[in-house]
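First subunit A sits with subunit B, and in the next complex the same chain sits with subunit C.
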Partner chain A sequence: MSTPSKQASAHDYRIPAKSPWAGSWRIAAVIGALGLGGAAYGYTQDADRFAFSYLFALWLPLSIALGALFFVMVLHVTKASWGVTVRRVAEMFMRPMPMFAVLVIPLVLLMPHLFPWLGAKHPAGPVADTSAEHAGHRGPAAASEEPLAEARGAQDKEPAAFRDMPYAAPKPLEHAEAREEQQILAHKAIYLNKRFFLARLIGYLLIWAWLAQRYFRWSTEQDKTRALENTSAAQSFAPGGLILFGLTLTFFSFDWFLSINPTWYSTIFGVQLFSQAALAFTAILILVTLGLRKSGILGDAVNVEHFHDLGKLLFGWIAFWSYITFAQFFLTWYSNIPDEVAFFHARWHDNGGTWKSLSLALVALHFFVPFWFLMSRNVKRRLPLLGLGAVCMLVMHVLEVYWIILPVYGPLAFNFVDVACAVGLVGVYMAAVLRGMEDYALVPVGDPRLDRALNFENA
Partner chain B sequence: METQTRSGRPDERRVPTIIVAEFDTARDVLHAAEKVRDAGYQRWDTHTPFPVHGMDRAMGLDDSRLGWIVICCAVTGLAGAVVMMHWMNGIDYPLIVGDKPGGAPGALPSMVPIIFELTVLLSAFGAVFGMLGLNRLPQHHHPVFGSDRIRAATDDKFFISIEADDPKFDVDKTRALLEKAHASYVEVVEEDAS
Partner chain C sequence: MAYWEPIRALGEAPLVKPGSSLKDVTHEIARVTETPAPRGWWLAFGLASMFAGIFALSVAYLFYRGIGVWGNTAPVYWAWDITNFVWWVGIGHAGTLISAILFIFRQKWRTAINRFAEAMTIFAVICALIFPGIHVGRVWVVYYMFPLPNQMSLWPNFKSPLIWDLFAVGTYFTVSLLFWYTGLIPDLATLRDRSTNKLRQRLYGFFALGWRGSNRHWRNYERAYLILAAISTPLVLSVHSVVSMDFATSVIPGWHTTIFPPYFVAGAVFSGFAMVQTVLLIARSVFKLDRVVLMRHLELMNKFLLLTSLLVGYAYSMEFFIAWYSGNEYEMTHFLHNRPQGPYWWAWLWMVIPNCVFPHLYWFKRFRTSIPVMFVVSILINIGMWFERFVIIVSSLNRDFLPSSWGLFRPTIIDVSTFVGTIGVFFTLFLLFMRWLPMVSMTEIKGTMAQADPHWHGKDEHAKEPAAEGGLVPEGAE
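Presenting the complex of A and B:
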């Protein structure tokens, strides 16, 4: 009211030819190609390791693309006007969804290296539990007992009856466990078999690509036609789209992240991956929008009020992620059933304890520090500080995905293939995103709610 | 400009308690609020049918202090829960549940639900009661309700009210200020002197 209504037509929100953003996709593509080259070399060195690194690397861009798809659909389902000015950037991030059908091919070829139910033998995996690390001194039963003693900090306070509990000889137990795991896998074969698995994968990729393409077309068509029907179509489709999204993401996470450790169960696992995706995408949306705004491409369309809201969203996702992740840990920790604690053992006491510091770092830097840091309104409205928070969350996202996948492979040991795969896949994905940004206005100029979004203020 | 006082028994002395000025548009009330702010009034308020963007600045309001109240409550709840759980399960009546002795650092996860709940509970109390306190609520009566026209603030009119106990309050000067700020109607609400 105090300021004259900002007009959408004053600015075309396109990347000018002289802007550093124009042509930046080539840099990303070159970096991505170099990374993929390094990854290919890594494959020739150690195919097992490559498979795990590639799975880790694939989820980085895929989680961001899925987070973008979710964000766009949520904006439509809530009919939110504040987010209209940042929606196009989100649409750019979801648009390259079809390329994952190509990027996933190496993993499909390497499935026997990843999945125990296809015969993979992980160095520290559940089936190969008799490996050098455990051999001799510690059977599975003993292994589940030891971290407890450590958790309580003082072994001598243990009740005497427990201390002298006679354990059966480790060897027969290991065999019994291996036999039981084989039985579990046989029991799951109806779901975890190659044909059904690939059929599901094709289903997920088709649904995601279809959703992304639909929403992208509805939005970009509207730039020229200003048709209100596009908005109402996008809105009425969003609830069904979100249900499809939730189901596909959950089963995708069961297929690709849970089944590399097929004797472990967690029904909340899909939600955890979803929270990662939403959180990581919000962080990257903040950073890219800050960058575009700094170059003057977005004009005044995205101002501190919108960043304040994005900051609130980022903070909310941090709290959500922490809640989900702790819920998963807490129930496992409390019941302390060997089948379930195996996941956290691999990330705490097993694998030579190498993952312990990363586990603690996740608690500190994925939750504790950013939670208190981003709590204040003043931090969220001070853009460099908000950007700092977003960078922290992106870095921790990469580390968390690493922490979820690589402990199944073995102890924490840095390998250039991890970086090569990550740089390669993220580079290729970002090249597609940046290339797409050059073809469209970066604000949905035909959206009927744009005017309200431009004049939005946090009351 | 029309000015009106509430009719009462004519033989009793009546004193003004509040001046209510009516405006037709959000733009008018916003600019009027800037003038009232610049004139240095303290005890005054605006009443609008919807949130008017920029009104916080126009009224010269600082950020709400509610956040500080809530964070104090939150930290109190957090610390209280840690102390309580540690005292109960670790010191006063040590329990080993699920082979996890209370009180040891390793039992921290078992405290988290209580820590979470108590933090949220005290934060919510702080937010609700802090909000009521900062707004000086509940009140039995506020002089602004002596005006009949103020009801339109929930419909299509915009109001500024300046209370008589404001140190700068002066019936004539205040009325002149509001009229100069393009009020479409100014009402001096009076009550019986007691």
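Presenting the complex of A and C:
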């Protein structure tokens, strides 16, 4: 028990010039640029598909940046000491927040392709329009894909509400449904209109960028000054920051992910998106710190005790995500109210049943397997196994975001533009993160609780 | 300065009154069970047992006359009974949250309040379970609630959330009891070793299960405690989630909303913390526990109340916003009209103002550290959380889909006396607990003291008397 306490001074925790990490941002930037090039080509082929793919791709880095912001603020609000040594890496992930103001521009321009309240018509929604209109709307690219068009045709004949009935949906009811949808959209117009929507978007981005910059500055200044005031300020600002974070994330999720479904609603949806962000960020934090540790940059500052705690956190978020997602699914399924259950119909029977396998995969690999896998203390302390768990969660995060957004567009059909957008946006974001890592110590060396974190042990 | 010492400039402070020795802590806590009860205890006990008597009479009358003695009416078939049930189960939640979740999150300040809160959990769940038991109407077939085999040609309906509820609350009660008892064992041994008469020695000795404080005992104890904490953690979430499903699996506007499970859990923790605080403040002043229950603990509890108040407020706002956003006329009528402007508008205000307005006083240190303020606010929160369940249950039912069947619920005197009676039952049990068991965990609180740190080399003149402490020598205190 009486091992001498570890000191931070022996190490500066910076990326050495010869390390493979130095300059790695260029690789990410090149990959990102190639991805964005592919995405631009995809846009010329099918603007609708591009809009959906880009929305999916944008949320991948944004969810991670928001997860990082949340993690940093929670460490401060709880005055936790164990996580001090990994906090700087988290700060690196939240730092590029302002770049999303640029990355979101294509979506802003393509809003009429995404949102039914701006006139977009999605095949998965209960909009009753004819196949001919559809083909025209989707453009020549969609019409040429035979299986897709076929699945959509079947969709039009049989809207969600009549899925389980033994007879075909009567035409007048289809029209009534479309009319009701129009009424609901008219009712929401006061909230879902272009001007207010964009004003809110600017608000979210400003708040996030402001919070991220504030926390980044407090932390990096302290590297030189070691001022306790910075910690005090970060701590006392954290509760307010977390409230702002929670509200903006919730309404962002309503604006961008709820409102692409014309009539669906769910009170828990904001919490679900939050759980995704927290989980995905914890997974990437584990992977990046594992990599940095392997290159010897973090010395012994992040050791198996910290990974054990990060593993517990990952496990906890898996449980939380499962709980929230299950609550949303279960209550919707059990009550079976048409407006609500349409969301799960689109991911099960509708769209030609193409999303079924992914829905099942989420249950198996986003919850069941990693939950039991990461439960053991041994697994969390064996770093390769922990890394495997984190990789699994990242892959499933990507698939879950895909599963939330793309069924609104139509049946599950692989399209290169999905990959191009995802690679492009994640690449550009990672380039910014990696570039930032070269300028600062990767452990907050001025933090007053650093010694405690260095000497931290799981009892 | 050594890294394990509190950094005072950042507001860190020790968790036990500075200058306390291990023996002071043992003495302050064990003393309560060893000296005659103060007059305050007798006053409270008399009052509480009187209300417990009122409860017994009300239930006897209920059994004699039937459910008609309550105000339950069409269409409000569920009223105070289920409101009280949910309220009590919710109060029980803080116990497991404090003892299990805060333990797993290494929140050492929990040691001053965890024993207390665990006991509260058990008594609150007892009070909660009374209500489904007496609401069945035909009490002589109350065992139908259990999943008995088919001899009665009546299988329990496993599709019904009410059956899940029975399992959830039953499991919760069992695990909470085990957890509470496991934590008590070393302290019972301390009481046994301090006893000066044979009867006490025998009784505490029997329940201490032969605890000698050996290294092996401690190893097994710590492991059992950790495992029980891990088992209890999902229970904190599951119990109130299942309780929320009693409502949310239906299609009733006001009941069916997807945020219900986490919302109910947050509300339960909120009301549980408020109740812990109410009771703790009384106990602290009656038994003078200010060496172990510091202002710092109370302040941290107030921060927790603020956090859970915000979560509950978030859930209220989401319900409100999404009801409008949905464009669904039933949702809108219920949330935007019937609740705030309908016949129970005053109950809605009782829900919103105590739960979402008063806790915001705790943004200010002045109020966070004022005992009168926290006493009043904790009681207001208890009332507010009761009204939350009342609003959810009664105001969602009183105007159903068929306007011709609308009706108002009015409580009868028996409704009131049954509810107030359970408060008497709760406090009777609680006061007995305070008198006969160590109401703060001596062992765990010592673990947070400087003397428990392996690097501690200070002087403690009492540390050389391990026998008097039930063998509780902290590691490294040479």
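We adopt the following convention: the second predicted complex is superposed on the first by the 415 of 459 C-alpha atoms of A that agree within 3 Å, B and C clash if a C-alpha of one lies under 4 Å from a C-alpha of the other, contacts with A are read in each partner's own complex, and residues count from 1 in each chain.
Criterion: contacts are C-beta pairs under 8 Å (C-beta built on N, C-alpha and C of every residue); 3 or more make two chains touch, one makes a residue touch a chain.
Since the structure is predicted, the reported quantities are computational estimates derived from the model, not experimental observations.
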{"item": "First, second, both or neither for A:319, with subunit B first and subunit C second", "value": "second"}
{"item": "Partner chain in contact with A:303 - subunit B first, subunit C second, else both or neither", "value": "neither"}
{"item": "Contact breadth on subunit A, by residue count: subunit C or subunit B", "value": "C"}
{"item": "Subunit B versus subunit C as contact partner of A:334, first or second or both or neither", "value": "both"}
{"item": "Contacts of A:271 with subunit B and subunit C, given as first, second, both or neither", "value": "second"}
{"item": "Touched partner set for A:230, first subunit B, second subunit C, both or neither", "value": "neither"}
{"item": "Partner chain in contact with A:184 - subunit B first, subunit C second, else both or neither", "value": "second"}
{"item": "Touching partner for A:219 - first (subunit B), second (subunit C), both, neither", "value": "neither"}
{"item": "Subunit B versus subunit C as contact partner of A:448, first or second or both or neither", "value": "second"}
{"item": "Subunit B versus subunit C as contact partner of A:243, first or second or both or neither", "value": "second"}
{"item": "Common interface residues of subunit A - those touching subunit B in one complex and subunit C in the other", "value": "1-2, 330, 334-335, 455"}
{"item": "Subunit B-touching residues of subunit A, taken from the complex the two chains share", "value": "1-3, 148, 150-154, 157, 159, 162, 326, 329-330, 333-336, 375-378, 455, 457, 459"}
{"item": "Residues of subunit C defined as touching subunit A within the complex", "value": "2-4, 7, 9-12, 234, 237, 241, 245, 248-251, 256-262, 310, 314-315, 318-319, 322, 325-328, 454-455, 475-476"}
{"item": "Parts of subunit A lying in touch with subunit C, wherever the complex brings them together", "value": "1-2, 5, 79, 183-184, 187-188, 191, 228, 231-232, 235, 243, 246, 250, 254, 258, 263, 265-271, 319, 323-324, 327-328, 330-332, 334-335, 337, 339, 448-449, 451-452, 454-455"}
{"item": "Complex contacts: residues of subunit B adjacent to subunit A", "value": "26-27, 30, 51-54, 57-58, 63, 67, 71, 96, 98-101, 104-107, 109-110, 112-113"}
